[in-house]
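After this come two complexes, each holding chain A, first together with chain B and then together with chain C.
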Partner chain A sequence: MINAGVNKELKMSSGIEKHSGKNRINFSPYLYIGPHLILFAIFFLFPTLYGIYISFTNWDLIGDPEFVGFANYKEILFNQDSTFYDQLRTGLGNTFKFVLFTVPACIIVPLLLAAGLNTKPKGMKFFQALFYMPTLFSVSAVMIIFSMLYSVSFGPLNHYLNVETNWLATQPYAWITLVTVTVWWTIGANMIIYQAALNGISKDLYEAASMDGANSIQRFFRITLPSIRAQILYTVVITTIAQFNVYGQPLMLTKGGPTSSTTVLLMYIQENAFGSGISIAGIGAALAVILGLCIMVVSAIQFFFLRQRD
Partner chain B sequence: MRKISVLMFSILFVVMMALSGCSSTSSGSGGSSSANEIVYWNPFTGPDGKNMEQIVNEYNKTNPKFKVKNVSIKADDMYKKIPTVVNSGKGIPDLTIVHAERIKQFVDNDLLTKYDDKLADHPEIKAENYVPAGWNIGDLNGSRYSVPLDVHSFVMYYNKDLLEKYAPHALDDNVITFDEIKAAGELAKKDKIIGIGITWTRPIFLSIYNQLGGDITSDGETPTLNTPEAKKALELLKGLVDDKITNKDGEDPGQLFKSGKAIFFPEGIWMQNSVNEAKNLKWGLTSFPQISPDKIVNWTSSHQFVMFKDKNRSEEKTKGIMDFLDYVRENSLPWAKAGQNPAALATLENPEYQNLPQSFLVKNPEMQNTLKIFDYKYNGFVAEEVDKLVGDAIYGKLNIDKGLKSAQKAVEDKIATNNKK
Partner chain C sequence: MEKKRISKIVAVIFLLLMVFIWIVPVLYTMISSFKSEADIQTNAFTILPINWVIGNYQDVLFGNTSAPVAKWFMNSLIISVSQTVLVLVIVSLAGYGYSRMKFKGRDAIFVFLMATMMFPAVVNLIPLYKIIDTLGWVNNYLAAIVPGAAGVFNIFLIRQFMQGIPKEFDESARVDGASDFQIFFKLILPLIRPVLTVVALFTFTASWNDFLWPSIVFNDVEKMPITPGLQLLQGMYALDVAHALTGALVAIVPTFILYLFTQKYFMESLSLSSGVKG
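Showing the complex of A and B:
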């Protein structure tokens, strides 16, 4: 249907061009991307550009933004006495830690689950639904459930382990908690991608390999992994970007503690721009731009490897 | 082609309409009011919202010329929305409830309408008719910018049975001291009952800090957090934690108190409904614990009526607003029933109010003087840092000196950045 429409339109528009001069712009492509383009501009492009502009100003959200050049960046990046310098280091450090802790687990666990489901065990549909379910819950619902689960005095976890561990406010437990919650919450999306990829691998390869005497581990590393390499690299990039934007889990579970050891950069951005005090939107925006640049650099490196392998 | 482009255009049109529709409805919900309506924003989204609605409904039943439209918005969202609507000039609420600590900031940005000349027609809206702590907040640079609705304090609940058992004479002078809590806590230890719960650390710390003579600012501009008094306050709390008089880190003090495993439970007067959930608990309400009975401090905040500047607000409508404020002054009982202390003294004479547990805080001028509002232009910055500091410091996860130093520095840096020209 759609193809037919495009062809027709191409013919038609070339017909129009013949009739009405050379410099006529062809609007039809814009019509197709128009709705998305408008939404993209309103909800993405404009806010992004405005955010970058705000990072060069001093603004409390009430008066007019006042242009201060690179002052915010200088304060954050080079003024070692500044609180904001510490905020960037602590916040970005914790964000990187979070990415390092969660991304491998967010790749490996769903991959193993998908590989398990791919053997078509009994009750496969049930488990598939079960593993995918957490992804559908909102962050606040998940965090409320887990804060109850990990509660010191009446949490089932401490009850059954018969310990009094303070999971949310002492290290290293705070990190362990955050990572497990995040992995549990995000398994589904990646797992579905891997399942689809695994389904696409030809059975002949496995048969040939077993005839040559390859055991199941060898088959996994020599056949399965190389065949779904593209999907793995894709999920690595997407998961990394998603985890860089971590906010809800530490905010609701550990509140950034103990002693700011799980305060991620987005929490500082929120505190500065929309905290309980007067807004320091300029600093907040500058921190956000720096975070954005970090995500871009990391993604670029990942894409670079992706291209090279291909 | 034609059909397709017509289709596309119509989709575009619908999208545009939807988008513009969204924006106009969202501002419409608060703003573009009919001429005879007072749009009244407040942050009462909790159970107390019902009580405010009741006041508004009863006022509207009196058939005033300008009816009040009650719009409750979550506090965080409301404070984010205010700069936007005031800047755009569209959809500005006629009357708004804000927290006392925010007013200085709004006045500095020249966002508020003064009440001064409007009070002439309403002589009863005056200092003598309100609790001083609530009334004084709205007086800035010789002008009046707000009228108080309530004064809500952070006090202490106690378990009557446990008090009888472990500290029978502690309340004889109507004040519980930290020494008494400590003694009771030591006695109760063998029964696995804690002396006092560490609840909301900010008002706990600030109350003690103020009892010791400290305040969050020395002159209204400079923050004062890194002081010997602050260190002493934190050490006092840490001492209670180290002596195991308090709940352990991470334990829910509310749960302990409700299940009869804690003698004292410092909390806000607004928490009565939650405490009442425990059916078998006999509880009482008294002042926040003190270091000495000579200087009693109860951390307090206040909800205040303000009018954000709006060119389009008619003089008549402003009069209507004043009528509503005068009505609230005399009819605050539903608000008291939500667990609050109305700032208007008119309610004080009502016997029904006098029976409410929290009324002890305003029943005489001496008690009214114990209410301390930590009013400071940069209160929000202090709050953020105190929240990070106290819990970690008293549970031994953060060195007190280091914590105070970095909290002081952080507030100073935020102020400096904010004032950079």
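Showing the complex of A and C:
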């Protein structure tokens, strides 16, 4: 249907083109890029800019937003009596903790898996397929599975370890659980990227190093790591951005607890803007802008440092 | 040689340990879905069910009006398939435009689009809801289908792939009197099938697995897709292992089946996208 429509319009426009001279604007390219540009403007560009604007307003999602200057930012950054001040400290603090705990694990574990698979053991294809598979599952399905696995009373984990650990509602177990689950769920893509990178390293380099008497640890740090630097950089940046947007795991697994110790910023943003009661979209937008700035600054720093060390 | 063998043995032991960790949650879910709840209460930790039952599936799919899983499943199918088709049409047209057509500002627009990929998506969440609300799309499939087609990464992928097709192909077709659209439709589209497959698979799975956005734009239980729906299901079956896990399993079946048949595309696409970026 859509194709047929474009086709018809296209014939019309190319007809016009033939009759008019070269100095006339040719519209047909816009029939190709136009549909996307319109969607992009309505559903990405405009809301992003508007999101920044409403962080300077007292919007409630319903009425007209009223400009209040930096009031929202003052409230969440400096007003120590405000609940939103606490939300930012707790939420952003927990988000940063989550990033700090998960990103190294989401780089190292897949790197080890890729190194193991690079020895080309029997059954390699199956291993690879299995480690990648959870990436295809939704966060809510995975969290249901793990909330049952880790359950205090009817979870098989406690039963077979013969312990009575409350994995989801006491610290440090809540964090350990969140990190473990995140690694299980998300490392597939990084593993595949590292596999491809390791495959590309020339065997001669290793042989030459062995002849010079380098042991396997030296070879790893002197040859392997430098050779896959580009891929490490790419995955560190992409993984960090992904983990900053953490939401579903603490929401469904620990419910942000125990006592808000795993409540991440996106949970507060969602609650303020769309939770029950009157929407505080202005504050929510300001929190979102701060989270967005953190993501951009951290990716820029990573990019700078990882590129520099040459 | 001896050293090489030892390192291979270490690698295999490590991998087998990891295989155990990766496979247990999946097997646990599959097996539990065939246990009766009574079985779980009395013989909680037998590895296999004492009696294999399929009743959980019936209960979860059709038995609960507050968590209508079968309905959610259909909603998700409609949403994910529609979004995939929409994205394919939109991005292949745009990719052709940026790769093959000459017009003023082409490269500037393209560079601008690529630069916006650095904008964190979280900032547009709240206004996007307002736009959906203004359009009257709250609790409407369109809310989950259309905004996803505004993304730019797929255009980048497709354009990259098209750049690899020699321009002489187009020239000779043009000499034979083909129009732009004929070149796009009959010549380029068949040649970019591999990258379109990748885009389709990723769009479908991303759409199926999307959680935060649909949980904001759907509050009507009947209209919801399955991924945010599972959050309700979790509350409903908090103490009911068999039913909760059956619900989770139903939700992962489509992407799992897709993965079984198209595994190599997922693997190839990753080296494709990281290769050009890295």
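Everything that follows uses one rule, which is that the second predicted complex is superposed on the first by the 267 of 310 C-alpha atoms of A that agree within 3 Å, B and C clash if a C-alpha of one lies under 4 Å from a C-alpha of the other, contacts with A are read in each partner's own complex, and residues count from 1 in each chain.
We adopt the following convention: a residue touches a chain if its C-beta (ideal position, glycine included) is under 8 Å from a C-beta of that chain, and two chains touch if they have at least 3 such contacts.
Computed from a predicted model, the values in this text were never measured in an experiment.
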Message: Per the contact definition in the header, classify A:F154: touching chain B only (first), chain C only (second), both, or neither.
response: both
- prompt: First (chain B), second (chain C), both or neither: which does A:F274 touch?
  reply: both
- request: Would you sort A:F40 into first (chain B), second (chain C), both or neither based on which partner it touches?
  value: second
Contacts of A:T83 with chain B and chain C, given as first, second, both or neither: first
- request: Name the contact category of A:V139: first (chain B only), second (chain C only), both, or neither.
  value: second
- prompt: Of the two partner chains, chain B (first) and chain C (second), which one does A:I301 touch, if any: first, second, both, or neither?
  reply: neither
- request: Once the structures are superposed on A, label A:V163 by its partner contacts, choosing first (chain B), second (chain C), both or neither.
  value: neither
Message: According to the stated criteria, A:Y32 is in contact with first (chain B), second (chain C), both, or neither; which is it?
response: both
Query: Once the shared chain is lined up, is A:I108 touching chain B (first), chain C (second), both, or neither of them?
result: neither
- prompt: So which one touches more of the residues on chain A, chain B or chain C?
  reply: C
Overlap of chain C and chain B interfaces on chain A (superposed complexes): 28, 31-32, 35, 39, 42, 61, 151, 154, 274
Message: For a test of understanding, state which residues of chain A touch chain C in their complex under the given definition.
response: 2-3, 6-7, 10-11, 14, 25-26, 28-33, 35-37, 39-40, 42-48, 50-52, 54, 61, 112-113, 115-117, 119, 121, 127-134, 136-149, 151, 154, 156, 159-160, 184, 189, 192-193, 196, 216, 230-231, 233-235, 241, 244-245, 247-248, 251-252, 266, 269-270, 273-274, 281, 284-285, 288-289, 291-292, 295-296, 299
- line: Touching chain A in the complex, chain B uses residues 1, 4-5, 8-9, 11-12, 15-16, 19, 76, 80, 83, 86-87, 105, 109, 111, 248-252, 255-256, 378-384, 388, 391-392, 395, 397-398, 406, 409-410, 413-414, 417-418, 420-421
Query: Any idea which chain C residues touch chain A in the complex?
result: 7-8, 11-12, 14-15, 18-19, 21-23, 25-26, 28-29, 32, 40, 44-45, 89-91, 93-94, 96-98, 101-104, 106, 109, 113, 116, 118-131, 133, 146-147, 149-152, 155, 179-181, 184-185, 205, 208-209, 211-212, 216, 226-231, 233-234, 241, 244-245, 247-249, 251-252, 255-256, 258-259, 263, 266-267, 270-271, 274-275, 277-278
Message: Using the touch definition from the top, list the residues of chain A that touch chain B in their complex.
response: 5, 8-9, 12-13, 27-28, 31-32, 34-35, 38-39, 42, 58, 60-63, 66, 68, 71, 75, 82-84, 86, 151-154, 164, 166-170, 256-260, 271-272, 274-280, 282-283
